[in-house]
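Naming follows writing order (A, B, C and D), and every chain is counted from residue 1.
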Amino acid sequence: MAKIGFIGLGNMGGPMAANLVKAGHDVTVFDLSETAMETLRAQGATLAKQVSEVCVEADFIVSMLPAGKHVKMIFLGEDGLVNHLDKKTLVIDSSTIDAQSAQDVGKALAQHGIEFVDAPVSGGVAGAAAGTLTFIVGGSHSNFERAKTVLANMGKNIFHAGDIGAGQVAKICNNMLLSILMAGTSEALQLGVDHGLDPKVLSDIMLASSGRNWTLELYNPCPEVLPNVPSSNGYKPGFMVDLMAKDLGLAQQAAQQTNSATPMGALAKNLYNLMQNQGKGSEDFSAIFKLYSEK
Amino acid sequence: MAKIGFIGLGNMGGPMAANLVKAGHDVTVFDLSETAMETLRAQGATLAKQVSEVCVEADFIVSMLPAGKHVKMIFLGEDGLVNHLDKKTLVIDSSTIDAQSAQDVGKALAQHGIEFVDAPVSGGVAGAAAGTLTFIVGGSHSNFERAKTVLANMGKNIFHAGDIGAGQVAKICNNMLLSILMAGTSEALQLGVDHGLDPKVLSDIMLASSGRNWTLELYNPCPEVLPNVPSSNGYKPGFMVDLMAKDLGLAQQAAQQTNSATPMGALAKNLYNLMQNQGKGSEDFSAIFKLYSEK
Amino acid sequence: MAKIGFIGLGNMGGPMAANLVKAGHDVTVFDLSETAMETLRAQGATLAKQVSEVCVEADFIVSMLPAGKHVKMIFLGEDGLVNHLDKKTLVIDSSTIDAQSAQDVGKALAQHGIEFVDAPVSGGVAGAAAGTLTFIVGGSHSNFERAKTVLANMGKNIFHAGDIGAGQVAKICNNMLLSILMAGTSEALQLGVDHGLDPKVLSDIMLASSGRNWTLELYNPCPEVLPNVPSSNGYKPGFMVDLMAKDLGLAQQAAQQTNSATPMGALAKNLYNLMQNQGKGSEDFSAIFKLYSEK
Amino acid sequence: MAKIGFIGLGNMGGPMAANLVKAGHDVTVFDLSETAMETLRAQGATLAKQVSEVCVEADFIVSMLPAGKHVKMIFLGEDGLVNHLDKKTLVIDSSTIDAQSAQDVGKALAQHGIEFVDAPVSGGVAGAAAGTLTFIVGGSHSNFERAKTVLANMGKNIFHAGDIGAGQVAKICNNMLLSILMAGTSEALQLGVDHGLDPKVLSDIMLASSGRNWTLELYNPCPEVLPNVPSSNGYKPGFMVDLMAKDLGLAQQAAQQTNSATPMGALAKNLYNLMQNQGKGSEDFSAIFKLYSEK
């Protein structure tokens, strides 16, 4: 069993850390929220009095933070962990942040001889609790293999996307595509409904045809086509519009860096921004269907 | 076995009619091209000297024509088939046309007591030859059941989308969604490639994640990811850009009728129009990938 | 002074016909609404008992109807005016309809030796009342010159766009561009406001720079920047969202005919469709600003 | 006359500095290019041996650099000018950079008691040489008034957009709108041409109507409509596609910060990215017309 330092005990990080404890690891945790800390203590984690304590003797550090600036601050900021980490420690950052920040942190740690992988997740709060997350990892092959031994206690599918930063890139490519599938599926379904078709019949036809996609199959945005999906539950999230808009912003930032054309992705992002303008930021991202259907 | 009149022996219609002959039906065919006619004669069909002859004693008429105006002309035009058809005949129009024209023809035939279904296909020339087409049928339940007995000799999946015209609507909804999947998948893959990712690795990750869709799985637009798809064969069609642009035009026409918002579909249509401007109308529709990748 | 038959006495047609009477012409009018007819009688027009009466001895027919199908029906339908018109009569259709219908009517009338121009207007109800409309005319040079003698009594700017149908094309090109200017100006202003700029200051800067355009100068969509525009009057029309959506539909129909790429125009159309979905169809088209600003 | 330090003698900065010399100011310049330095020496400027020398006794510093990172490095980086500047000096940054960087630099200088305005320009190389640039200034009212005394020697129109950063925001709002005008005008003209209209006639009609805008009036993208514009000169720039793409990237970055929806601006950006993909980055930005017209 490994000695693991865990930073960031939010909706995702909390249950992730708990799963590491459950798997028998010796886990020291840190978060600014005392409530979050106490929850983890009750589940068997050791509490760090200050963030640098998570580094002591650690085989692995796992971080789960809101944005690139937090990751940079924790590792590279004033009295950052870079000054406390041991060369034997592998840093695994599971935050969803921009690839550039991941690369910056990786490079700065490397200058101190510390190994790093980015390992953003998908699967949401439910997946974090159940230990069925998907991890998309960027880093060297050997660090990937090493990270896997820990990630396997928190998730089911663990992919190696490429070098440092590639995990972030692959994740936002996937989520940009997901938003396009969701918007496109919503448009196609409502166009059919507007012409008198039954959305369930049309969904079945497209599922058996070339329109088949993840949203149509598992996350139909039209109410009452599938049971147990947000659209059949008042668009209670699930995966919030605000979070999708954040990921689409990261995708556009990445596209910006390489002058990549992403007209469909840019339009999807803007449709989600329009939803935010309408005060729907906290609804599930499949609520984009209402943009088309509410008349 | 049934007596069937078949009109329109093009790339699709020819092999479809041949499959009906093979299935043992008594098939009388008509086309303006003598070559097309002779091919069918060789395969065992009877040739009609003029189009109205296909009606004689027919249990079914199957038509496979380029556009709504042709269907209207053949059935409702000067000396149109409406004047030659018997009330026992079921007319099955498998052309891909606008829903309005399908409804107009259905209504006009109904006034003469003649039954009609629209039954557009997908599956392409290969599916037509192999008898594995998908038919999406619009019409009454009993006519759907009756049409099925014939369509089953030409295709594998036969769906009932709703009333007359619904077959056309469902098909263009599906194809609009397909174009969005294809454009979106192309963007996501190229964004990854621009950041140094291997398109095969990224495809595998997205296939196992929420970006999964028909194009990624069976028709990857990035060369050398999948074997035996147009992108790995110089974008030789397959399903041509020009045909996708035609279907997207029908989708926009349908959206226009009902004031339906389809921003993603409209953008996809325009990206295909830009490809036509670049002289790529005869390439496979997955060549939209080149819009992003060629630099 | 000329003898003029006038068909269609709606919000636009009524005041237009009145201006012809005022100019001293002998005007016979027809409309299905008795109220509209009575208003014109009070203003000095002769009422036709049936539509064909407007043709009697007419030097000009002016028609102002809602859509292509009405124009086709009146002129070419059962007992259509084509059977009642004299070869000396010039038909001027001022309806905003699709170019194809204008060409169809022109061609059918030509087969009976009757001359035709399409002459759609802009300038709205206020311009119709004031006699300051803009007419964009399609037809032969001599017919344009002849039409001008009458149009000059209803409008101020009279353009010759080209052959029959060209008036319609030019009008929808202009209105498509107008919608793009309006949406773009709204986005630019709100982006500035979101960053703390004063919309009036930003408007002044852009008016003096390369962002200058008709909407910024005369029809600013941001409330309280200009007086006496719909945005400063609760977005009371003005030119309704529904009418802009109609014109954008005609533009897309025209683009469809020629496979023309219009990605910006298609997006603008869909943004207006989204506004219709939100129940804003009767607001002024500058209310698209609210799509961006309401948060 | 003032003592001015000038940093950045590129295509724009060179002639701008020369105009300050011509106006009688005592100008000390710095650039990494010796050629650029020698040109200015010949025009009467003093050469700084190292960048910090421009600060000595300076009333004003004017900087004209490629991107935010250069501005940050020069002023705030290792041995940055912040350590060499006097409190009497007003720093005027005329680079086009992201608003955030402008605000960061302004704030950091303020902590040392040094005053700052951002003052991006438009008007291009020709305007820089002729001294007819437009400056859009962000900063306090008094600093704006003070900057104006110097800017007036390099430009004609000098606007006060608001606080620090507002100059940058106003400029990218304007340029985003400009790109939308250019793309929209191109689409409308080509749609007309595709239907047989003369682009000159259509331009005249739209100029007299609600489609009027800066590009149509002064920078028509269709060849041979206007003389002496890039479209009539093989799309030789003028204002390059690559530069427009850069500004549109800054606009999207700004939109990202405030979650502002800019669907039209995002689409325009992506159309310019597609042009870059086609190898047209060095052509004038009006060459977007070719995206529509080349068939």
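Following the convention adopted for this analysis, a contact is a pair of C-beta atoms (placed from the backbone, for glycine too) under 8 Å apart; a residue touches a chain by one contact, two chains touch by 3 or more.
In this text the structure is predicted, and so the values were computed from the model without any measurement.
**Q** Would you kindly say which chain has the C-alpha centre located farthest from the C-alpha centre of subunit A?
**A** C
**Q** Going by the touch criterion at the top, tell me which pair is linked by more C-beta contacts: A-D or C-D.
**A** Between the chain pairs A-D and C-D, C-D carries more contacts.
**Q** How big is the gap, in whole Å, between where the Cα atoms of subunit A centre and where those of subunit C centre?
**A** Subunit A and subunit C have C-alpha centres separated by 51 Å.
**Q** Please tell me the distance, in whole Å, between the geometric centres of subunit A and subunit D computed from their C-alpha atoms.
**A** Computed from C-alpha means, the inter-chain centre distance equals 38 Å.
**Q** As a quick test, compute the distance in whole Å between the mean CA positions of subunit C and subunit D.
**A** 39
**Q** Spell out, as numbers or ranges, the residues of subunit A touching 2 or more other chains.
**A** As it turns out, subunit A has residues touching two or more other chains at 255, 260-263, 267, 271, 274, 276-277, 291-292.
**Q** Can you list the subunit C residues touching subunit B in their complex?
**A** Residues 245, 249, 252-253, 255-256, 259-263, 266-267, 269-271, 273-274, 276-277.
**Q** Flag every residue of subunit C that touches subunit D in the complex, lowest number first.
**A** 99, 122, 134, 136, 157, 159-163, 165-166, 169-170, 173-178, 180-181, 183-185, 187-192, 194-198, 201-202, 204-206, 208-215, 219, 251, 254-255, 257-258, 260-265, 267-268, 271, 291-292
**Q** Show me the residue ranges of subunit D that touch subunit B in the complex, using the header's touch definition.
**A** Against subunit B, the touching part of subunit D is residues 263, 267, 274, 276-279, 291-295.
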